[in-house]
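Naming follows writing order (A, B, C and D), and every chain is counted from residue 1.
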Amino acid sequence: MAWTREQMAARAAQELKDGFYVNLGIGIPTLVANYIPEGISVQLHSENGMLGTGPFPFEGEEDADVINAGKQTVTELPSTSYVDSASSFAMVRGGHINLSILGALQVAENGDLANWMIPGKMVKGMGGAMDLVAGVKRVVVLMEHTAGGKPKLLHRCTLPLTGAGVVDMVVTDLAVFDVDRRGGGMTLLELAPWVTLAALRAVTEADFAVAPALKAA
Amino acid sequence: MAWTREQMAARAAQELKDGFYVNLGIGIPTLVANYIPEGISVQLHSENGMLGTGPFPFEGEEDADVINAGKQTVTELPSTSYVDSASSFAMVRGGHINLSILGALQVAENGDLANWMIPGKMVKGMGGAMDLVAGVKRVVVLMEHTAGGKPKLLHRCTLPLTGAGVVDMVVTDLAVFDVDRRGGGMTLLELAPWVTLAALRAVTEADFAVAPALKAA
Amino acid sequence: MAVNKVYPDAVAALAGVIRDGMTIMAGGFGLCGIPTVLIEAIRASGARDLTFVSNNAGVDDGGLGVLLQSRQVRKMISSYVGENKIFAEQYLAGELEIEFNPQGTLAERIRAGGAGIPAFFTKTGVGTVIAEGKEVREFDGEKYVMERGLRAELAIIHAWKADPEGNLVYRKTARNFNPMMATAAAVTVVEVEELVPLGSFDPDHIVTPGIFVNRIVKLDSVVKRIEQRTVRKRVAA
Amino acid sequence: MAVNKVYPDAVAALAGVIRDGMTIMAGGFGLCGIPTVLIEAIRASGARDLTFVSNNAGVDDGGLGVLLQSRQVRKMISSYVGENKIFAEQYLAGELEIEFNPQGTLAERIRAGGAGIPAFFTKTGVGTVIAEGKEVREFDGEKYVMERGLRAELAIIHAWKADPEGNLVYRKTARNFNPMMATAAAVTVVEVEELVPLGSFDPDHIVTPGIFVNRIVKLDSVVKRIEQRTVRKRVAA
C-alpha cells in the first residue's frame, strides 16, 4: 500500500533536526511544514529573501510584501529576518542551509537530479532550484515513485539536469532510499507497507542495494 | 614660492563637483574637507563603512563607534549611512566613488603610484590604498614635490607599486599635473607663483608636456 | 546645494535615459517589489528592442508583462518566466529571446557587476546546460563554473522609503533584487512609497546608500498585487 | 525547543572549539567593533600557533595585541598592522608571519568564503606584488587578478544586540568586518552589548540573520577604547 502525500511529507520531516535551517520546495515538500516533529524547532528559508517563514495569514491579513518563493502570502515569526536575493543565495551557496526538500522529475542512482525542464515543452526556468541542489548541505527528494507508470528513479537521467550528484535521499510513495552522491550508489532504507521488494524493483530502473536492517526485517 | 599645505588642499578641492562621493586619504588630503567650494555638496566616504562622514566631534562627544578610516573620531551627518566593509569596498571597486585624493611616495609619468612600502623598512600594510587607486574613477595625488631633495615624480617608480597606471592628476607644492593613465604621459597644468619651468624641471625626473594655456601665460 | 535627485514623476525621472535597444535591470520577485510605475513610464516612452534583467517576466497584465503586451522587449535575462501566456506566445513565435540564469547566480552576477567583480566561480549549474560554453575549474577538489558580473545602462527599482540623498529602505520581501540592481547600473531610478526628510533614517537601518541612487520618484498611490493569495481559516473561539 | 545559542560567558562560549594551530577570524577595524572579551578568552585558553584573519593586529595592550604579547599568534592575514610595536618585534625576529591583503580584497575574500564562492576577479593589486603568483586575466580590455574566497574554523565577532535566535545588529562603524566574518567560519561566536527578547528587532533591520550565529555571549560590561581621539573646539556663544 503506497504512502499518501501526507505520509511522505511526515517521513521527510523526520530528516529535520533541532536548529536546522530548511528550504522546502513547491508541491509535496510544502506539506513537510505540517509534520515538524515535536520538540524540534527549525527555521524555514524562502529564497526570495525571508528567513523564518511563518504559516499562511488569516483571511484579510495578507500582506503583498510578505511572500514565499512560491509567491504565496505567508506571515512573519518573532525570529524572522529579511535580506536581499544575493544575501539569501549566499546562505544557500555558502552551505548554511542544512536541508532542502524538493520535488523531482527524475533522480539517477548517482545522485543526479532533473526537475526543471522537459525538452519540447515551454521552459519556465529553473528559478532557485539549481542553486539549492548545488549549495544546500543535504538534499532530500520527495516525489511519486513513477510518472504515468514509468520509473522516475533511473540509471541516468534522460532530462536535462538541475544538478549532477546532488541528491542524498529520496522519499517516494513506495520507498525511502539513501543516495551516496560520491559514487556509492543507492540503498533502499524503507518500504511502504505491503510493498514487496520485487514489486518495487519492477517500477524502479535504478540499481539499488538493500539496507541490512531492511533485509533482516 | 611653493604652495602651502593649505593651498595645495584648496587646489585639490577644486576637483570636487556637486554631488560627488569622495574618499580622502590620511595626511594633507584630510585638509581638503576644509576647502570644499561654496555651493557644492559632497559626501565623504570612509572605507571602514561610513558614507557621509562629518567633522570631528566636540570635546566630550566622541563616540568610539564612530571613526573614520584613519581611526579618528568623527561625527554623523543627516545623510550618513553605515555599511559593512565588503559593501564599503563594493562602492570603491564598483566605480561608485567619483574621486579619491591621496598622498604618495612616488608617482611615475605613466600614472603608476607607490605609497605603501619602503623595502628594508617595517611594512605596515597597504590598508585600503590598493583598492582605492584601482577602483575609484578619478585619482588625485596630493604630495610634496620632493622628499629629502629627491624627485618624487619619476620616469618609473622604484618603490613597490600601490597601483599601475592609476593616477589622473598630481598636485604638489610646486605644480599641478594632468596624468593620462592610458599612456599619454604627464602635462603641466599650473605652476606655483615665482616657480620657473626650469626650476620645476630641475626637481622633476618625470617627463612632462606643458599645457598650451600655461605656455601662453 | 547638492544635486537634486527628486523628480516630479516617473516620466520625468526617465527622461533622457531611455533609448531603443538598451539593457535595463528591473527589481522585484514575481509581482512583489516591482517598479510598477516606472514600467508604465517605459511603456509610455515607446522604446523598443529592450533587454531586461529581471528575475521574472511579470504576468499578462502586470509587471514586465505590460511591456511584452506592447512588444517592447527583445530579450529577457531571468530565472523563471512562468505565469505569463504572452511570454510563451512571443517566445514560441521567435520574437523574444530568453537567457535563463539560476536565481542565485543571477542575483550574484548583479551583485558582482555592482561591486566591480567581472567574474566569479560558483558550484551552481556544474554538470548542467548552464555550464555549457563556460569555464569549469576545480578548487579544493570541487568543480565550479565561472559566471560573469552583470551590469546595465539603467536600473528601475522599487523601495519603501527614500530621503532626498537617495538613501533607501525596503519593506519585507519587497527587498529581493532591488538593492543589488541599484548598484549595477549606470543610472538607477527608484520609485518609493514615501519620501522622508533627510535625517529621518537611523543610519544603521539604511539598506541602499544614496551613492547608488540617481533619481527618485515619490508614488502618488501604491497598488500592490498578490499573485498567490493563500490564507488559513480562523478557528472559531 | 530550539538549540540554545546563549552561553553564560566567553570561556564557556569557546569551550570545545579552540585548538592549537587553528585559523580564526576576528572582527573589528582598529579597536572599533573588536571582540575584546572573546580575545581575552582565547588568551585564557592558552591555544598556540594561531592564524588570525583580521584587518588589523590591535595595539600593544589591546585587541589582538594581547595575543601577540602572550605569543599565541603564528600568522596574521591583515591589511594594516601599524600601531603595534610587539608586532614589529616578533615579525623582525621571524616569530610571526604576515600575509598582507588589500583591505577591500580581504573583505571580499571573506564575503566570498561565506557565500560559497571559491574565487573571484578584482582590479585591486594588478601590476603590484599582490598579483605575483596569482592568475591575471583580461575581461573587456581590463586586467584583473584572481583572489580566493577565505574561510576559517572559528569567527569571533562583536555586535551591538542579539536576540536568542542569533539575529544581530551592529552599531555605526563598529559593523565593519563583523557581518562577513559571521558568514565565513565553521563556528561563529558573537559577544554582544545587549541580549534582547525574540521579536524585539524589526526584521527589516537585522544585519546578520541567526543562521550565521552559533554561540552568543552577553557582555557584563563594555569598555570601548578610542585609538585616535580627535575633537574640535566649541566656539563660545
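Simple rule for what comes next: a contact is a pair of C-beta atoms (placed from the backbone, for glycine too) under 8 Å apart; a residue touches a chain by one contact, two chains touch by 3 or more.
A quick note: this is a predicted structure, and the numbers were derived from the prediction, not measured.
Think of each touching pair as a link: the shortest run of links from chain C to chain D has 1 of them. Common neighbours of chain A and chain D (chains touching each): C. When the C-beta contacts at B-D and at B-C are tallied, the pair with the greater total is B-D. With centres computed as the average of Cα coordinates, no chain lies farther from chain B than A.
Chain geometry summary: the mean Cα position of chain A and that of chain C are 28 Å apart. Chain C has its Cα centroid 36 Å from the Cα centroid of chain B. Separating the CA-averaged centres of chain A and chain B is a span of 55 Å.
Residue positions of chain C touching 2 or more other chains, listed in rising order: 108, 111, 115-117, 122-123, 170-172, 175, 203-204, 207. The set of chain A residues that touch two or more partner chains comprises 76, 82-83, 89-90, 92-93, 135. Contact annotation for chain pairs lists A-C, A-D, B-C, B-D, C-D, with touch applied as defined.
Residue ranges of chain C in contact with chain D, taken from their complex: 108, 112, 115-123, 137, 139-140, 142, 144, 148, 169-172, 175, 203-205, 207. Those residues of chain B whose C-beta lies close enough to touch chain C in the complex are 18-19, 21, 39, 41, 43, 45, 51-52, 76, 78-83, 89-97, 135.
The touching residues of chain B, when paired with chain D in their complex, are 46-50, 55-67, 70-74, 76, 82-86, 88-90, 92-93, 112, 122-131, 134-135, 160-165.
Within the complex, the chain D residues that touch chain B are 29-33, 55, 78-82, 88, 91-92, 98, 100, 102-105, 107-108, 110-111, 122-130, 170-180, 207, 224-234.
By the touch criterion given at the top, residues 1-3, 111, 113-117, 163, 165, 167, 183-184, 198-199, 201, 203-204, 206, 209-212 of chain D touch chain A in their complex.
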